[in-house]
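As written, the chain order gives the labels A, B and C, with residue 1 at the start of each chain.
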């Protein structure tokens, strides 16, 4: 495992009290794999990634848990030297990471000379090499960010992230703002780079179809906690947590025969005052009385080089049985008997 | 799902019209309580306003009356005393009375200029930004011309032509200051115009006037206010400058005129500080108060500026 | 059935700011947002307009609502040309044609309570205030927000995205329109909420007999909403046909690329490689002939010479391509 996150807790101090944005999340990234961190807005996926890099917002702090990178515990005091060289970041909007007043080439050269130990000439050669790697023509190095299309900017951001040959790439919604064809091109590029450079990657996204296309493993988050994780084929093909089942039903699928999408009624809990027990209980059609008292716990298990399929659901043993019910839209129409709102 | 009982509908109060500006005004009124600078500024204004209102009670002496001593001589160039708290001028007038009555003209000049600047600037900015095209081009070129005029010389020339009346000074200041607010408000309107809710109003058939005044104007009202507060300071300084330079109305009682009298009668060389220091301080206080208030509004309504 | 909306040879050019050289040469560069678009929408139909950003789909939606005017060509609604609508006729059109926005967080005036926001169309249409409460209650029931008093006095920032989109829909429905344009109505919403809004839009459409246009970049979503889809590329319609046909057997090479590119949530589904390369060209200087030819794997000489007309290959299915793709 190149990265292990264990019981991570991130709290934000707000006017409305302490928000537990991440509340005991655990997951691991195997060497040379792409792990999708998936969930809806506010589930804590972006916060978790920022915490790994040690760059939380001012009002955020790590309240507990460990992050271990290559066997060494890291926190905000010692991540800075690792950034770019070992851990690199690709943002959702490349426009925000590229400075509009410098050429893209100059910005990559700056990373290479200031963060790395390249000389000016070597850095220029390396920048051209990086552009070639991500599928951009090297004479575009002289262009300014606004002269790039959205897809090209994203490629440039990836090139910059790869400048100092990091071993772990953290990408936050790298293709969300792009059109489908460009999105597919970028995903293909990421896949090719990952294989060629033996990269490990965490891909934060709300889009399970992107995960299905690109990732080897997936970690599903809900309300600040990890509720299911494991190999993509297993988790998306045979989900074991009702939330993942619901997500799968709600997600449009160009190729499926079902012509109905099934919403999950209700909305995620207030993280300033989360319900006791499993946080999905109020929306879960399969909830039992025990679900609202016993906190969800997720184990971890190895399967070969990667992680095995695990779920935090109390009724994990009945998962196959529940899945057949979950396919029926009627199941999701009645809210749980233990629903609080 | 259970439908709401019909009574709930009937009981729904008339949530009505014309509310969009009120909450903004309410928020604007509450603002000085949050910002210490704005609070200080507002306190200064309130004090000066009280002085202006109660001027006749605070200083019953006519500020232009020539006073005599008990010995029957003109009470000229006296130092501060119980009878004349700030002394008298070279013509035997009560400086304290001039200072108190000068508050009136200062506030009148400041407030009227502020109202004109804010109104003209807001309307021009709204219209130019919303309608765009030729309307915008024409209005903005006029604004450019006004902005390119040198400030004090223009005021002096205009008052020279129209007469050294205080109202002409106000007019000149307004003519010069509206473009600043108009430009800023216009650019704000340009971005508001593209907001989806403005488009939504159009789709549902709202008239241009309704879109401008109900949907867009409440969002720029705080900006108008900022510019009004700034205009108060500018107008008072300008009026003082014009009077000090001797282009003002010699029969008016104003702080600028006091400074001019003190200067020409060489009060400084006589060490008659009580003549020219107080009006100077008053001018500074009123002008600074205006900037404090505008600063407070900027911080409350444009939070991105906070901490810069 | 007679067409409710018909779009004929519509061209829309937007002027762009000129460089100094262009000013000297007296050139007037334009973005060709739409370049000759024709189609009809039957009363009660639901049509999707799909394409990538910059293909002109949003402009087309705005033209159909008379929010912008076409450079040339005409659009008519219920037999009347939109270009000539003025005064009472325009007001009547505004009552009948409504828009649902992409971003519900921006579609409601932040200074208006929910009640005022939904009452706005009623005020603009000059409907007596006595009727407002009943009409608003009816619209709220339609969008499944029956618990009126929980919402009416709130401000937009106090509601969730899903609730806001329901309010936006209620506002669009409060005048009982006949025609609805929805521009990416769910793209800003979370997955679990999205499905509910889509189902609601379908339900409302059926219940009110609405004619609807859905503008979206997502072919996968459109499948759940519309039987007919128009695929657009760089200001032109490249394919117009039954949604299922386009998804299962896309005819135009661009539609094929689009279908191939859409990611699916099923990891077991094998994905075909993307059949095209490159980026969408600049809309200021589109390629001659067929707009898609420089990226098309099948392009041949004729594609550069003449733009392919949109021709019928089956009943209700048109394709703009020189290849014999039947």
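Heads up, the rule we're going with is that a residue touches a chain if its C-beta (ideal position, glycine included) is under 8 Å from a C-beta of that chain, and two chains touch if they have at least 3 such contacts.
Owing to the predicted nature of the structure, the values given are computational and were not obtained by experimental measurement.
J.: Report the most central chain, judged by the distance from each chain's C-alpha mean to the global C-alpha mean.
T.: The most central chain, going by mean C-alpha position, is C.
J.: By CA centroid distance, what chain is farthest from subunit A?
T.: B
J.: How many angstrom between the C-alpha centroids of subunit C and subunit A?
T.: Centre separation, subunit A to subunit C: 31 Å.
J.: When the centre of a chain is set as the mean of its C-alpha atoms, what distance in Å lies between subunit A and subunit B?
T.: 54
J.: Centroid of subunit B to centroid of subunit C, CA atoms only: how many Å?
T.: The answer is 49 Å.
J.: What parts of subunit B, by residue number, touch at least two of the other chains?
T.: none
J.: If you look only at subunit A, which of its residues touch subunit C in the complex?
T.: 40-41, 149-152, 179-185, 187-188, 206-213, 232-233, 236-237, 246-256, 259-265, 267
J.: Which residues of subunit C touch subunit A once you look at their complex with the stated criterion?
T.: So the residues of subunit C touching subunit A come out as 52-53, 160, 162, 190-196, 198-199, 217-221, 223-224, 247, 257-269, 271, 274, 276, 279-280.
J.: In the complex, go through subunit B and note every residue touching subunit C.
T.: Residues in contact with subunit C: 1-4, 6, 8-10, 12, 14-17, 19-20, 23-24, 195-197, 199-207, 210, 215, 218-219.
J.: Give the list of subunit C residues in touch with subunit B in this complex.
T.: Its residues touching subunit B are 65, 67, 90-91, 94-95, 97-99, 101-103, 106-113, 115-116, 119-121, 123-125, 129, 133-134, 137, 141, 144, 146-149, 152-153, 168, 171, 175.
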